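Two complexes come next, and they have one chain in common, subunit A, joined by subunit B in the first and subunit C in the second.
After this line comes the complex of A and B, so read on.
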């Protein structure tokens, strides 16, 4: 048979626009795969000349799915420019906001984007394989998902005044304390949300048996893993040290998060607006690593909340070293939803949660600042330089999806080789190629800090590695 | 459910398009929460990031557009969308004015690409040019390229505003946003 190119355009049910093209050799085997992001917006440049205190609100516009993550990383970079230690309760409230963000974003990824595959089937009718199809097939489950996302968004609104792009997180802390009324509303909602989240987790664990092929082939290979851990090595999303772990489960190194330029570098590709980050001491591609829920549950030594801690112990039984299959990103995401709810409750029951001292005031004391936090999809870094008047002169952002870029590319190739064979192409096979991307939950708005559409290209190479053909996805 | 008809004859064909925006306008649509479930009984979502269609279909009744026009692909997309849509709604400030997405116009496409890929990459620094769509010289709002029927402002527009606009469109009325914004 002649060589073929298969183009999947756009990749659907991910947070961004994308294409996948697969190049097949004469025997119909997939030879090579690339994952292209086709959007670019230029935040790193066009923030130049703006005052530093505008940065959180401006940078939040990188992404409407996880604006809070950008607010927090950006505000932390600005805290460093002010050289202030922000009040304890400001840290607490920022943590609650970040956990609420993780909850709502995970609910979006799982229930709205991936449950259609998991519940209705990878091979089911594409016309109904979406959240509206889930609403018909299993209204109770759809409702759990809607309610969980809603609760996360509501916590954000109660704390910060607005669900999307609130202006409440500011350099030096947050702009207003939490009211007793809103604290009680959040606490009152926790039991129902926890019930919803654990129901989904139990359901997923039951269903895993039916996805053996996907578990085996969805980006299931050794890589490093990276993420923040607390000073005690526990699960942590707001601040701590950056840990690298190898595939065997051994800690490679712990670093101060503000020294990332010493150990991380980025490579640009001619075929994508998405750059790839790698671990400098190992170089590229050996220094490829993954971030996000799967990485976080791999790198930590423990979890500080009871239910999530139990679930984590069970999760770690899946593999002897690190848990390697990206299919388990879903699993890790569900455990993190349970954790987020338990942790929000813990934080808000602390006696000082209503403390009115939530903001430190200062002017520019440093000309450079780095802010790092864990976004739903992984580690997020904002790095700014300012002049003496506090106007931005330079910015660099490293976003979760950039850390995962290499693993996503290799994952697409692995799953395509496993499921796609040229002589009998089915829609369900191609859907699995997209589904592996969905496990990473890439955020393409974020990842290109620009117009971020995702596209994937497959190049056809001979066995000697000679480039025979490149797919131009248009 | 104000304004949503009880017994529609056939479902309204709705599409949602994401150009150069942050997806916040789409998220605000999802923030209609349980009202979205009620809406789903009256509309069939035929294209958009939540569903699996690969080709923008013909005969779409209502299309919501988020984001400004930034790349050649956006331009191609919005022309196709306009040709196949009865009522075109620009959702949010990026689609209506360019907003944050258009801030790169102060520097130009080349300068923003240079910063990201030549100055801020440590290995193989190069501006990507293969396969991916080239950027337009300027980011422009949607109405500069195609006629727009309804403008829904906000960054993002609130879920309540989006829901009320959709409800009126589903009831066969043209929403009067001037009345809402005085």
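After this line comes the complex of A and C, so read on.
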């Protein structure tokens, strides 16, 4: 049998456009696998020459799903250019906004993109394997998902004026304080949302037993994990130190987040527009690490909210060291939804939550600024250099999906070797190859700063490179 | 007067694709009626199903790449199940079906389509589409004021 290549193009139910190619050896076993990101936009280049204060609004245009994450990381980089310490209540309100963003994005990822596989089955009819199929099979769960996403977006709108591309987060803080009316509206919605999220979490924990093969094969291997932790080592999404943890669960190092160039490096591959980052001291590929919900729950020493803390303790019992299977990204995402709701309530019940002092004013005091925060999919870094007039001369963005790129590629290879054999392809096999990517919830618009459509194509190639077959999934 | 929901959608940064969005924005400036809710959206998303289920009548307004630029068409919509791509993007028919399936009610629904000519990057509408937007705004404003919806 000649060597062949199977290409899955486009990968469906992710944010953006990509394809997967699987290279088979003479015996029909998967020899190599690549996750290709096939779109490019280049925000880092075209923001050059623009004033720094435009960056939060401009960078938020990278993505319609997580504009708030870019707003926050970008504004933090601009705070550093101003060299200001922003008011305490501005930090509090930015944290609430970031958690609302995480809530709505996790709800989208879990309920709309992944529950179709988890509820209906990896091998179920692909025509019905979507959120509409979920509505028919389990309307209560679909309603919970819709409600949670709606609530996250509603919080963003109440705080920032609109759901997509709000301009409320500005260099130096936020543009206006929270009103008592909007605080009370948010607090009134928390109990129902918390009930929805815990119901989904309980459901997932009951269903996990049915996914043993996926747990075993979905990017289940040792890597480092990276993310922000608070000064006390607790779960933190806005600011703190960057922690690296090894697969055995040992802390490798804690770093200041603003010194990332000292310990992170990026490489480009010829098959993808998505860059790959790695931990410099270990080099590539030994320095491959993962970020996002799974990483965050692995690296921390604790969680400051009651229900999420209990759930985290149970989650950590899955493995002796770090929890390694990327299938558990779903689990971690659900725990983070519970945490986000509990934490929002804690923050808004603090006595100064309505304080009107929410913005510091200054002009350019530094010619370089780095902003780091935790986006739904993982650590987000915005790094700008400006001239004396505050015009951007250079920018670099490292996005969660880039941090995860090497692990995603390795995960595709692992799951393909497990489920794909020879030239006999089934839709269920290919869906599992896609599903391992979905566990990471990659946002390709963010990672290449590009726009695109959801789709997937698989190519089958001989070892001479001849195209033997193409399969499109819908 | 029963609750009417107007949803204008499209990408206002891609030329004529923003025609439906623009109609909703203009109607919101002109109509101050608690029984009429107006939403301008980049795209249709499943979260709209609940709001749709509460309405007696829903009016969707969208742009189209086919048809003569600026020639508005109006059709009555029926609920229809979604295709496999239904994720964070949806069709009006799928949202109507979802409203029925999840919330037990789907309203009467109308879709106005405004064919466009230029869909490249930019906030400007082409002249024929701009005229169509203004005419549709005036027509809907008049009909809604007369309670014809």
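Everything that follows uses one rule, which is that the second predicted complex is superposed on the first by the 445 of 474 C-alpha atoms of A that agree within 3 Å, B and C clash if a C-alpha of one lies under 4 Å from a C-alpha of the other, contacts with A are read in each partner's own complex, and residues count from 1 in each chain.
Keep in mind that, in the parts below, a contact is a pair of C-beta atoms (placed from the backbone, for glycine too) under 8 Å apart; a residue touches a chain by one contact, two chains touch by 3 or more.
Worth saying up front: this structure is predicted, and the values here are computed from it rather than measured.
Engineer: With the two structures overlaid on subunit A, would subunit B and subunit C clash, or do they fit side by side?
Structural biologist: Overlaying the two structures gives a clash between subunit B and subunit C.
Engineer: Check whether A:150 is in contact with subunit B, with subunit C, with both or with neither, and answer first, second, both or neither.
Structural biologist: Both subunit B and subunit C are touched by A:150.
Engineer: So in the superposed three-chain picture, is A:58 touching just subunit B, just subunit C, both, or none of them (first/second/both/neither)?
Structural biologist: So A:58 only meets subunit B here.
Engineer: According to the stated criteria, A:108 is in contact with first (subunit B), second (subunit C), both, or neither; which is it?
Structural biologist: both
Engineer: Between subunit B (first) and subunit C (second), which does A:142 come into contact with in this model arrangement: first, second, both, or neither?
Structural biologist: both
Engineer: Of the partners subunit B and subunit C, which touch A:132 in the superposed model: first, second, both, neither?
Structural biologist: Both partners, subunit B and subunit C.
Engineer: After lining up the shared chain so the two structures overlap, which partner does A:267 touch, if you call subunit B first and subunit C second: first, second, both or neither?
Structural biologist: first
Engineer: Return first, second, both or neither, reflecting whether A:45 touches subunit B, subunit C, both chains, or no partner chain.
Structural biologist: Only subunit B is touched by A:45; subunit C is not.
Engineer: In the superposed arrangement, what residues of subunit A touch both subunit B and subunit C?
Structural biologist: On subunit A, the overlap between the subunit B and subunit C contacts is residues 12-13, 64-65, 108, 112-113, 126-127, 129-132, 135, 139, 142-143, 146-147, 149-150, 153, 164, 474.
Engineer: Under the definition above, what is the set of subunit C residues touching subunit A in their complex?
Structural biologist: On the subunit C side, the touching residues are 42, 46-47, 49-50, 81-88, 94, 97-98, 101-103.
Engineer: If you look only at subunit A, which of its residues touch subunit C in the complex?
Structural biologist: Residue list for subunit A touching subunit C: 12-13, 64-65, 108, 112-113, 126-132, 135-136, 139, 142-143, 146-147, 149-150, 153, 164, 454, 474.
Engineer: Which of the residues in subunit A end up touching subunit B in this complex?
Structural biologist: Within the complex, subunit A contacts subunit B at residues 8-10, 12-17, 34, 36-42, 44-46, 48, 58, 61-65, 67, 108, 112-113, 126-127, 129-132, 135, 139, 142-143, 146-147, 149-150, 153, 163-165, 265-273, 275, 278, 284, 396, 431, 445, 449-451, 453, 455, 457, 470-474.
Engineer: So in the complex, the part of subunit B that touches subunit A is made up of which residues?
Structural biologist: Interface residues on subunit B, with respect to subunit A: 18-28, 30-31, 33-34, 36-37, 40, 45, 49-54, 67, 70-71, 73-74, 99-101, 103-104, 106-107, 109, 111-117, 120-133, 135, 155-156, 159.
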